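Labels run A, B and C following the written order; every chain starts at residue 1.
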Amino acid sequence: MLETRGLTTSFGGLLAVNQVDLRIVQGEILGMIGPNGAGKTTFFNLVTGFLNPTAGQILFKGKDISGLPPSRIASLGICRTFQITSVFPGLTVWENLLTGTYCWTQTRFMDTLFHRRGYHRQRQEIEKQGEEILEFLGLHNQRHILARNLSYGDQRRLEIGIALASRREVLLLDEPAAGMNPEETQMLSRDIQQIRQKGITIFLIEHHMQMVMRICDRVVVLNYGRKIAEGTPLEISRNPQVIEAYLGKEEDFA
Amino acid sequence: MNAALRKSILLPSLVLLLLSLPWIFPATYTRHILVMSLIYTFSAMGLNVIFGFAGQAAFGQPAFFALGAYISSLLSLKLGLPFSLCLLGTMAISTGFGFIIGYPCLQLRGIYFGITTMAFAQIMYYVVSNWVELTRGPMGLVGIPAASFRVGDFFQIEFNNELKYYYLVLAASLLTLFFLARFMETRLGRAFVAIRENQELSSSIGIHPLWVKMIAFMMACMITSMGGSFYAHFVKFVSPIEFQWYYIGLTFIMVITGGIGTIVGPFIGGAIFTIIPEVFRAAETYRNILVGSVLILIVIFFPEGIVGKLAQWRKNRNLPLGEKEHA
Amino acid sequence: MDTFSLAIQQVVNGLVMGSMYALMSIGMMLILGIMTVINMAHGEFYVLGGYFCYFLITRMGFNYLAALPVAMVLVAGVGILSEKITVRPLVGRPWFTTFLTTFGLSMILRDVAQIVWGVDPREIDSPFLHKRVVLGPVYLTEHRIFIFAMGVVVIGILYLFIKRHKMGMAMRAVVRDREASALMGINLNAMNSFTFALGAGTAALAGSLLGAIFNVLPSMGELPLVKGFAVVIMGGMGNVQGILFSGLILGVAESLAASFISLGLSDAIAFALLIVILLFKPSGLFGKRI
């Protein structure tokens, strides 16, 4: 589904991402781990068009998408969340979800102008999806609260909600569990698995090792911009290079 | 009172009120003010599109009001076009200008964007002041014909007094308002708001920031210039003064006091800030002091604008009164 | 006068004007950088500088050189008062709120100036106005040299102040990180007042200096305000040298344009220049940290 070949980017001589080959299969949950500064978010930025590669290719469903702007990549089917919570702060939860549907909602202008049937049909579909997402994320009671007034955890969930609203095939989650307590992380893990069951491919960056071990089908490890290991969670946890990369870090290793 | 009930009572009553205003204040002078505030409403609506909805502070925006005034005047004076064509021509040409100016400006963000638009506005001012062959420079254009509509030989109406003009502009502004309200319900309208709230997130869900901002900017130019066109055929005189700095601030004032990002806000802001200077006209020399003070007080105590503040008293949200839901 | 001499003359004139643009802009930049405020009343501080100077000379019998610093202090006082009214109540609000309140303030100040001193231009008599200096092909009144010298000196002092003096370093700290600075004990309120005072004072100086050449009018603040912003953006935020050079470049470009292209359009040069620079180097000519 999604593939990178020799993906490289450098900032003034420093290779933030160095010749990374990666393949993501449709419907899987792929985790990316690595010490801080390993280049994981940079990798995400490359894949989603927020950064341009200096070398290498990114292929989505066989098509080369390297160098395309983020909005184009999103319209092709890839959506992402950000390390720092990104929602639409001045809008309510409900409005946030409605806004996320941009990619796939296209009504004839005349229909909207006069509120004709086409408009209402589209509207119903959007609202139905909105309700579903609210239910799924447990934000039902907060639908009229401004996003900026939500608690941190709720904002995080809303962010995923917006990504879900866009109905993309591939979801890139950048540290979705950051700042969450174990209970919240559990719920998040369950949610992510449920999302995968709807057929969405998930690629996530995480530091919460337990979560990674539990839900990922495969794991890729980055260190200093290079891919140093790839395999099932079990294989990774036994990989001496990976362990060495993490020596001195405080991540708990299941 | 739920939203639907509110809408079905409030909106018609507001429209009714607007229709009857010239009869409540029948003096020519007050009717003149009413027309002027409706005309300035276009300026406010335009700014509201680019600033209120899309969140880009275009300081130079009001220059398009003057631009619209000049284009419309020139179309009728030099080409003899009837008013309706002047209006349409103005809208088209200023949208074109909006494209040309918007493209370079929107490469920048935030205050740099704002100041660059202001720079363009100033350049427009100087060009207009100095291109004497076309615009008669500081002397301005005079004798602009009144707006008139003609259908064949049987129906002709000339909008040459305050009353008729009031209804003309009222109709136009209500139509524009309706159009805007419905537009904000399209996915493009939502995209404007998305860009304002979080540009990075917007691009990750498929919204192309530059093009969406361009469209917002061009729409703003178009709407603002409509106001200019109405102005020119009402006052029948335009001069480079219209480009002045003063109007930039005044337009922002209208939008913000009315309520940013609301549909109805510009109407109220436009009204307030046309009327207030007139109210203080009696105190001619102290007028600016009073207007300036009012402005400061409003900003400090009513930051969401009149409309926003009223909405806040109803519930703890920023959805203003009478706004057609734009989510 | 042949083209070359004319050009040199205009370059010199331009440098003089440019130094004043730079002086205006530094104040605006400090206010913008330290307080995130677009001070729309800055032009009126310039105007008030001219008027207070006029007042001190004609009504209080000061001589020009004494009137300058006193006018600066008086306008600095006005600045402190302005900050209390138009900026202090709006802490924490979005940036355009202070844009509006300072705009309102400028309306008020302009009317006040008009009421007190009327619409007719007022003259400021400088002792330097009467002597001419000839430097090669260039004719200058001593006053213009004085202006340039004052501009460079004051800007130099500000530069050193910001770089070396404790208060100046505090200002830099606030630009970097407002919250952290407050936590470290920097009194933000005092800083705000001081910044406004500084900005107002320097604007007043520019107004007094230029007021001797071009007479003092209530409306004369508009162009300096707008050009001042252009220079701030051109010079790059946080960069005193950048602003000085941008101001000078603008002044020179304007003067040359006035002679060789058209007088009316020379004011437009500022903006054309700004647009061009921004499109190619959005952070300004010299844009980087202080």
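As a working rule, a residue touches a chain if its C-beta (ideal position, glycine included) is under 8 Å from a C-beta of that chain, and two chains touch if they have at least 3 such contacts.
For clarity, every value in this text was computed on a predicted model and none was experimentally measured.
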item: Centroid comparison with chain B (C-alpha atoms), farthest chain; value: A
item: Chain nearest the global centroid, as defined over all protein CA atoms shown; value: B
item: Distance from the mean Cα position of chain C to that of chain B, given in whole angstrom; value: 32
item: Between chain B and chain A, distance of the C-alpha-averaged centres to the nearest whole Å; value: 41
item: CA centroid of chain A to CA centroid of chain C, Å; value: 49
item: Residues of chain A touching at least two other chains; value: none
item: Parts of chain A lying in touch with chain B, wherever the complex brings them together; value: 48, 50, 69-72, 74-75, 79-80, 82, 86-92, 94-95, 98-103, 105-107, 109, 112-115, 119, 144, 146, 162-163, 166
item: Residues of chain B that touch chain A when the two form their complex; value: 179, 182-183, 185-187, 190-191, 193-194, 196-198, 200-209, 317-318, 327
item: Of all residues in chain C, those that touch chain B in their complex; value: 38, 40, 85-86, 89-90, 93, 95-97, 99-101, 103-108, 110-112, 114-115, 222, 225-226, 229-230, 233, 262, 264-265, 267-268, 270-272, 274-275, 278-279, 282
item: Sites on chain B touched by chain C in the complex; value: 57, 104, 107-108, 111-112, 115-116, 118-120, 122-123, 125-127, 129-130, 245, 249, 252-253, 256, 285-289, 291-296, 299-300, 303
